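As written, the chains take the letters A, B and C, and residue 1 is the first residue of each chain.
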Amino acid sequence: MEAVFTTHNLWMMIATILVFIMHLGFASLETGLTQSKNTVNILFKNATILPIGLLTYAFWGFNIMYPGDDFAGSFFGFAGFGLSMPEGANTGGYNEAYTYWTDFLFQAMFAATAATIVSGAVAERIKLNSFLVFTIIYVGFCYPIVGMWKWGGGFLDALETPFYDFAGSTIVHSVGGWAALAGVMLLGARHGKYHNGKIRPIPGHSMPFATVGVFLLWFGWYGFNGGSVLSADPGLVSLVFVTTTLAAAAGAIGALITALIVVKSNDLTMVLNGILGGLVGITAGADQMGVTDAIIIGLVAGALVVLAVVFFDRMRLDDPVGAISVHLVCGVWGTLAVGLFGELASGAQIVSQLVGILSVGVFCFAVSLLIFYVLKATLGIRVTEEEEIEGLDIGEHKMRAYPDINNKAEEVYS
Amino acid sequence: MEAVFTTHNLWMMIATILVFIMHLGFASLETGLTQSKNTVNILFKNATILPIGLLTYAFWGFNIMYPGDDFAGSFFGFAGFGLSMPEGANTGGYNEAYTYWTDFLFQAMFAATAATIVSGAVAERIKLNSFLVFTIIYVGFCYPIVGMWKWGGGFLDALETPFYDFAGSTIVHSVGGWAALAGVMLLGARHGKYHNGKIRPIPGHSMPFATVGVFLLWFGWYGFNGGSVLSADPGLVSLVFVTTTLAAAAGAIGALITALIVVKSNDLTMVLNGILGGLVGITAGADQMGVTDAIIIGLVAGALVVLAVVFFDRMRLDDPVGAISVHLVCGVWGTLAVGLFGELASGAQIVSQLVGILSVGVFCFAVSLLIFYVLKATLGIRVTEEEEIEGLDIGEHKMRAYPDINNKAEEVYS
Amino acid sequence: MEAVFTTHNLWMMIATILVFIMHLGFASLETGLTQSKNTVNILFKNATILPIGLLTYAFWGFNIMYPGDDFAGSFFGFAGFGLSMPEGANTGGYNEAYTYWTDFLFQAMFAATAATIVSGAVAERIKLNSFLVFTIIYVGFCYPIVGMWKWGGGFLDALETPFYDFAGSTIVHSVGGWAALAGVMLLGARHGKYHNGKIRPIPGHSMPFATVGVFLLWFGWYGFNGGSVLSADPGLVSLVFVTTTLAAAAGAIGALITALIVVKSNDLTMVLNGILGGLVGITAGADQMGVTDAIIIGLVAGALVVLAVVFFDRMRLDDPVGAISVHLVCGVWGTLAVGLFGELASGAQIVSQLVGILSVGVFCFAVSLLIFYVLKATLGIRVTEEEEIEGLDIGEHKMRAYPDINNKAEEVYS
């Protein structure tokens, strides 16, 4: 008993730090896909979002998301401030697979993800202070409230056919995706992106960092999905590893082929986002799918990413890194796929999946629209045009990301 | 029993994702050691090789490499398409240390390595489409066929004194190395590399990425070698960790000293490749060596890398990243070393090691020469001179890796 | 029994490779915070320090640091050259949680850290050869001697109220920090840094690499602190993970706020160093603190880093990466904090902590001052002014880090 408990807990701790490294993945990806004049700003956001997410989750978030039976309602519960360690919290008396501390930390690492997803979509024009205020509110309150609906025993878990979201295609990724959409709508496009009815691509400044980001995210996803088994159960975790891997691989191929057809190019950023799309897509049902299911889900997700990137661009919704396409579109797709493929496929499940997608979507989109709207009316959410053209690194941070390399380049480009 | 099985399987899953991260290591290293005008191309290849390798291994590769007793011959076997999960595949009934899914995925992560090694050697001038076709054939068929000869119970395993290759100095690294040699011979050197009887160095564009790549490869090698124990056996895995570490460290020192003597410089790329040489060298016998053996093997490997890089350059075999020196030369050295040092050292073992080295070498070199030859005669394998000078990023991908930094630099250099 | 032993040993091996990856973190951070003309030099140092540290630790260091009961005195002991594997060294007969090989390798990975910390502080002007000689002496002898005082059963462990240093705020980080201080004092500031009574900032050349470095260090710290439990004990390791995480997060916020007040800027490098400060600060008592303790320790550490960076600059002590502020100042703070917060807080403990801080400080500062002084008088420790202005990459290595990107920039800047 002690031995199995120790092994389960060990895996959950390792999964926790794999999710941690996803934040470096997000930072690298967002850095790579944006311009070098905004790099310090992007790194600063990523280096502060995670600490903010961890601390707010310790102060109150964990106790909102997992209020426990005594405090939970269908839509909201709260077990009080701070970490309230119960009896026997460091043994199997708390949980048969992990300690109280492991439980807290694994969940805490997930929390900041929602804001990180938004960060990419609103990059290169959002005011730093407003973004940090948004992060505190959204990560501190919206994320754990929605999470409680399913993982904390709320109404989505209590449906007759319970809504199913294994590791968070909806509960994590679309929560970020909806807020990204709201932010992009209220902010408007970057200066010069849509000019005289034409779409002007603004390429990211470092494809190596973008690639490093995607590989680190894929690496960390083994903790994100594999840890969501909530034990080191050999059969389940290894199945989840296989479905996660094959969906990512199929996402790359799906995006590669779709990009060859649609944009007629061997487009690296599409392949990279295809990998992420496949990963987001499999997340809702990674433990329910077979090999073929996982490959189909990934292929479709990879294709969807390319189509969605093109679609949002035509809609004049300017998302520098493709976060909405990856996390919202593929989040919805993956959640639906649980009703279409694998062990749970059924009409009733499709209905429950739609209920989950819509209720989370309406709440998150409305709340984030409201937050951004109030911020816009008060602090302002967009930097000045001069600051945007010069770059947020100088405007918000008085620093450059590459001071002795690209000064010259900036003279040429600005 | 359940507890030990869970721990063994956990280690094998973690080893699997450590091997995964080696692919990021390869991508970073190859990026760093080549020119910035070809970076998108290199990242694209690395981001697609792994998905191709994983999917072909799922479709048929695993069942070629491990056909099982019912299907195996001495040279070839095939257990059918797709993943054919046997009874009890997620328990100790399948294997006393890991599940069927873990078994598949650990092996699948190895498979793409062969093509990744080739990618570095043929970089900066090979046509993308031809390389991807090569990858599908070589990773999809040649790699698992050769792997079966030893690890799948084929003729090399059935020798009276069985050929020994613990984690793949020959079965993985030299398989990549032979194809790299064949590719380089058929492609010819990069434009301007050998001019008027002189060797013109074409330095890689980012030493930080090269260094990141080597450290990530070293990190991942703990899964590559440590996972090849096929369980979490404390004594064996920790011994393998120690021999792997000391061989890598000695490889650095061996290359450092040899470079000081031969090229008379504190040459960073030589030290980096020396580390990799030490790692490749210990791979065949990491579980059979003592501390002193491991250090000697690493020192020699580090020295060999430097000498081989100089030698191949004199032979006008243009290998931008030194892949042939690292993976083929040190792969051969490490395989031979099993007969010279450690527990298995004996005359009979040396003979068996030579049989393995030669049979794998003849097969891989001949087959890859044939594939590249047919590709050369049909699709063509080399980009045009104009495309090569302008860079493959524009020619094959219509993108730049650093669009707002090095435009200026390219004007200066091209 | 076997199962628990296997799990404990597995965690210790994984912790070992997490500490390994910290060396990539140090390399990336130091690269990012210095100028591109010295990047090859910095990478070269980092790629050779670790091999030197590992090999010297195998040759004699481990047997100095852990001489065993038969050989230990209060201040020095030595169990002979090489690795002397005792009976039953690969089973619970050696240690109930890990094998002899795991024990050696986990400790060996720590050893090189001391020199790596120094490397950052003396960067951009120290002679390569002198630095490597310093590394061999300091890592090979000083580090294990000091380590023995506490972890090898020496006099600091034998105090009536034993000095407490869980994972090495003093024994590792301040050991590096004191030598960094000595080196900076003897070397003097970089050319142009303090000019006409003014402080001229010399910004690092790549904020993305600096950020990657900090995230990798944070990641690796889970092995550094979590492995210092010396088993996979679920309650203890998960508590250590939580205190480590929250201290890092609080360090970021402490530095963020302090920088806004003191330097009036959203300063990315301060936030990054604040994270590291929080991590160093919690290291001495990571297993003794509660949630609130950890957050306070981190907040103070983050504030201290900013104040210390400003202070050392005013003192004309030129530390390009802030290593003295992070590792020495926060190392002292974290060690003291064990007497002020958490389970061990008491007056007697404060006294013991001061004894440990001072005895280690006096020894390390004096010895490293002596080593650098002798090197200065013989080999010389500083490159020529011309070499410094041109960059150590050309002077020491005849290479550039980014040959096809920043040539142009160097023309502009030099």
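Throughout what follows, a residue touches a chain if its C-beta (ideal position, glycine included) is under 8 Å from a C-beta of that chain, and two chains touch if they have at least 3 such contacts.
None of the values given here were measured: they were computed from a predicted structure.
Common neighbours of chain B and chain C (chains touching each): A. By the residue-number overlap criterion, the interface of chain A with chain C counts as different, with under half of its numbers used by both chains. Each chain gets one centre point, the mean of its Cα atoms, and the points for chain A and chain C are 33 Å apart. In chain B, the residues that touch at least two other chains are 3-4, 7, 10, 14, 206, 212, 402, 405-406, 408. On the side of chain B, the complex with chain A involves touching residues 2-7, 9-10, 13-14, 16-17, 20-21, 23-24, 27-28, 31, 39-40, 43-44, 46-48, 50-52, 54-55, 58, 82-83, 90-91, 98-102, 104-105, 108, 128, 206, 209, 212, 396-408.
On the chain A side of its complex with chain B, the touching residues are 3-4, 7-8, 10-11, 14, 18, 35-37, 203-208, 211-212, 214-216, 218-219, 222, 226, 232-239, 241-242, 245-246, 248-250, 252-253, 256, 265-269, 271-272, 275, 291-292, 295, 402, 405-406, 408-410, 412-413.
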